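In the two complexes that follow, subunit A is the common piece, with subunit B as its partner first and subunit C second.
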Partner chain A sequence: MEMLKAIAIGLPLTVLVTILALMIGTVVALPIVAGLRSRNRLIWLMSRGLVDLLRGIPPVVWLFILYYGISIGAVRLSALQAGVLGLGVVAAAYLAEIFRGAISAVPKGQWEASSALGFHRATVWTRIVGPQTARAAIPAYTTFAIGLLKDSSIASTIGVSEIVFMSSQYARQSGSGILVFFVAAGIYILLSVPLGLLSRHLDIKMRKAVAR
Partner chain B sequence: MEQLMIELNPQTTQPVVQVKNLAKAYGSNVVLRDVSLSVAEGSVTAMIGPSGAGKSTVLRCMNLLEQPDSGEIVIDGHCINAGKKTSPKSLAALRRSAGMVFQHFNLFPHMTVLRNVSLPQERVLGCSREQANEKSMELLKRMGLADKADQYPSRCSGGQQQRIAIARALALGPRVMLFDEPTSALDPEVGVEVLEVMKELASTGMTMVVVTHEMAFAENVADELVVMADGGIIEKGHPGQILKDPQHERTRRFLRAVLER
Partner chain C sequence: MNNLVDVAIEYGPTLLGGLKVSLTLTILSLALGLPIGLLFSFGVTAKNKAFRYISVFFVEVGRGAPALVLLQLMYYGLPNANITLSSMASACLALTWTTAAYSAELIRGGMQSVPSGEIEGSHALGMSYRDCLRFVVIPQGLRIALPSLMGFAVLLFQATSLAYSVAVPELMSQAYSIGSSTFQYLPVFIVAGLLYAAISIPATWLSVGAERLLSRHL
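Presenting the complex of A and B:
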């Protein structure tokens, strides 16, 4: 019980890091997707390069670089800031690819009908392609979110006191060894299973309405 | 140019659609060579010909879904020249004059039938939601689909979906309706529903250009028949006459293939 309490103290930070990183990732992914779809070769190349750079380096290395390597004037990033920012930008690269795939899954006929009806580009994105992209992206997006929930444990390496950080601290202090990590694993499962269920529920509901 | 615009007063018997010297190629693959065509107000033009002849490409060039390499397109006085850069404004004006119906309907799957028909009116014509819905219901009733208004397109049959697509295009008040093989994706029995609607539309005086393989429609409803092959028009004229007495060997071969099967 005491063990559970010690670990549970890390729960809010795990959730916070996950949500913030997901939000940063989602927002930053949008301009990257625009770049990946750009017909301008230079913009495309820069976006492509950025995605490959962000994905090619392990997240833990990004966190070390941001935490130990970056100082803006005298200001250094806190562990939480570095963790959220690092996981956020790496998420942006993956989410950009997910969004790009979902956009290209929208049939060409939808674009053609939109053009033929004389919709403005903004209308096409907000009313036609955007909503269909969002639906197509739901399964991959939640899969990524569940992955991110677990990857938030990487932030423990720079001292963000989330679940894994609290667990290893408890393990060292009490000498209870491996058991505490099983409890941590249980908490992760309790968090991720409902997310998966919600995703499937949404997906099925939308499929029912709009199945082609 | 000024003078031309004045002359294209809709009151005169000027053609609603004029296509002049249209040409298009993908690399060395020529899909259209020097196609010229004019469609009179209130007439129905059927375009037939073997697949790959360029019928659909001509139709899709008319509202710039395909960019022609050269040539000129005039719809209801809105002129687009392939050689010059088109302003978004004149492109929008031209597209507003032409309603398009696709082979695969291309309804918006995430909206109800009513929204499918109403959204373009709101966004393109600036109608209020009430105005748009009223017009949409009127059109859906005319298509025999008033009871489908709150369904999603996926719950409708192919024939129903195509009629919804026709309603969606009509809702914008086009001067000409372009049909790109509207029954080719449908079962023959279901296709009849769509052809009936098109016949009714023709009888109200709507100007129509129809790319089709439905020979009976071409013969009985169309005023003008255009036969295309290998990227060019090989014959055009009165449907009955062409079907009875085709002048071109290629036309004869095509008609034998479609009529005597």
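Presenting the complex of A and C:
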């Protein structure tokens, strides 16, 4: 019980890092998607290169670059800032790919019909293609969010005191390592169950909203 | 920029040595994990209860828990059960678990997309269950699962960077020790990152290529 308490102290930071990184990732992904869809070869090449570089380098390396490597004058990022920022930009690259796939999953006829009806470009995005993209992206988005929840453990390597950090600290002082880490594993599994359920619920709800 | 080149030249050999350890760890985990994953892919739907429960336990924990937790479990946890492994062995064991768990699901997905007509056909031809699996389901299922397994291998290679937390002398821990002795953190980590990218970006292209090649006839 004492062990559970010690580990649970890390829970809020795990959730915080996951949510903030997901928010940063979602926002930063939008301009990247625009770049990936651009007809300008240079912009396309730059966005493609950015996505490949962000995904090709492990998240730990990004966190270490931000935490140990970057200093603006005498100011350094705190562990939490570096962790959220690093996981956020890596998430942006993965989410950009997810959004790009979801946009191309919207049938071509929808585009053609909206231009035939003379809709404004902004209206097409907000009322026609946007909602359909969101629906197509939800399963992959929630799967990614569950992955990000687990990846938030990487922030423990730069000293963010989330679940893994707290459990390895407790394991060291109590000497009951196996149980501690199994409990930590159990917490992650329990946390990802409601996310999975939410994903299924949203998917069903949005499927109903679209008449086929 | 000059700094970056200097660091790359001076510490290149050490970092490349670390990269070799990372690659070894990746290959060992794949070599051990994939066969176990194949076994688990049958286990999770097996009729034998003991086999099924064991498979479901390993698959769900392996996929549900972060690789970092498994690594620390093997390195800091197992000594409590009087099993003390070297850092390399415990990292290998943890990543094998991850590989087995993820590949079990990927392989199961591949097997399930083998058309049921193929299985009915082999029944009609009087093939035994074992022959049906060996000659019909497994070869086709693995072929379907191959691109996603290659994609997973790239993620596993990146995950070996977490083994630095259990003192495996791989690329990331080499970079960290160089960084902390010279205080040239930024250039060292950038060079290390580029080394990771130099392997994982082409490997990603390879998996995309494999997907195109294999979906040609579908």
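In the analysis below, the second predicted complex is superposed on the first by the 211 of 212 C-alpha atoms of A that agree within 3 Å, B and C clash if a C-alpha of one lies under 4 Å from a C-alpha of the other, contacts with A are read in each partner's own complex, and residues count from 1 in each chain.
The rule is short, and it goes like this: contacts are C-beta pairs under 8 Å (C-beta built on N, C-alpha and C of every residue); 3 or more make two chains touch, one makes a residue touch a chain.
Predicted, not measured: the structure shown is a model, and the values here were computed from it.
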**Item:** Side-by-side fit of subunit B and subunit C on subunit A, or clash
**Value:** fit
**Between subunit B and subunit C, more extensive residue contact with subunit A** = C
**Message:** According to the stated criteria, A:104 is in contact with first (subunit B), second (subunit C), both, or neither; which is it?
**Reply:** neither
**Complete:** Rounded to the nearest 10 degrees, the Cα-centre angle subunit B-subunit A-subunit C in the superposed arrangement comes to 110
**Request:** Using the touch definition from the top, say if A:40 reaches subunit B (first), subunit C (second), both or neither.
**Result:** neither
**Message:** Taking the superposition on A as described, I'd like to know which of subunit B and subunit C A:78 touches: first, second, both or neither.
**Reply:** neither
**Message:** One more residue to check, A:154. First (subunit B), second (subunit C), both or neither?
**Reply:** second
**Asked** Closest pair of CA atoms, one in subunit B and one in subunit C, after superposing: how far apart in Å?
**Response** 25
**Asked** Touching subunit B and also subunit C: which subunit A residues?
**Response** none
**Message:** Help me check something: in the complex, which residues belonging to subunit A touch subunit C?
**Reply:** 52-53, 55-62, 64-65, 68-70, 150-151, 153-154, 156-157, 164, 167-168, 171-172, 175-178, 180-182, 184-185, 188-189, 192
**Fill in**
Listed in rising order, subunit C residues that touch subunit A in their complex are 60-61, 64-70, 72-73, 76-81, 158-159, 161-162, 164-165, 172, 175-176, 179, 185-186, 189-190, 192-194, 196-197, 200-201, 204
**Request:** Going by the contact rule at the top, pick out the subunit B residues touching subunit A in the complex.
**Result:** 63-65, 92, 95-96, 98-100, 102, 104-110, 119-120, 123-124, 152, 154, 168-169, 172
**Complete:** subunit B partner, complex, touching residues on subunit A are 107, 109-110, 112-113, 115-120, 123, 127-128, 131-132, 135, 209-212
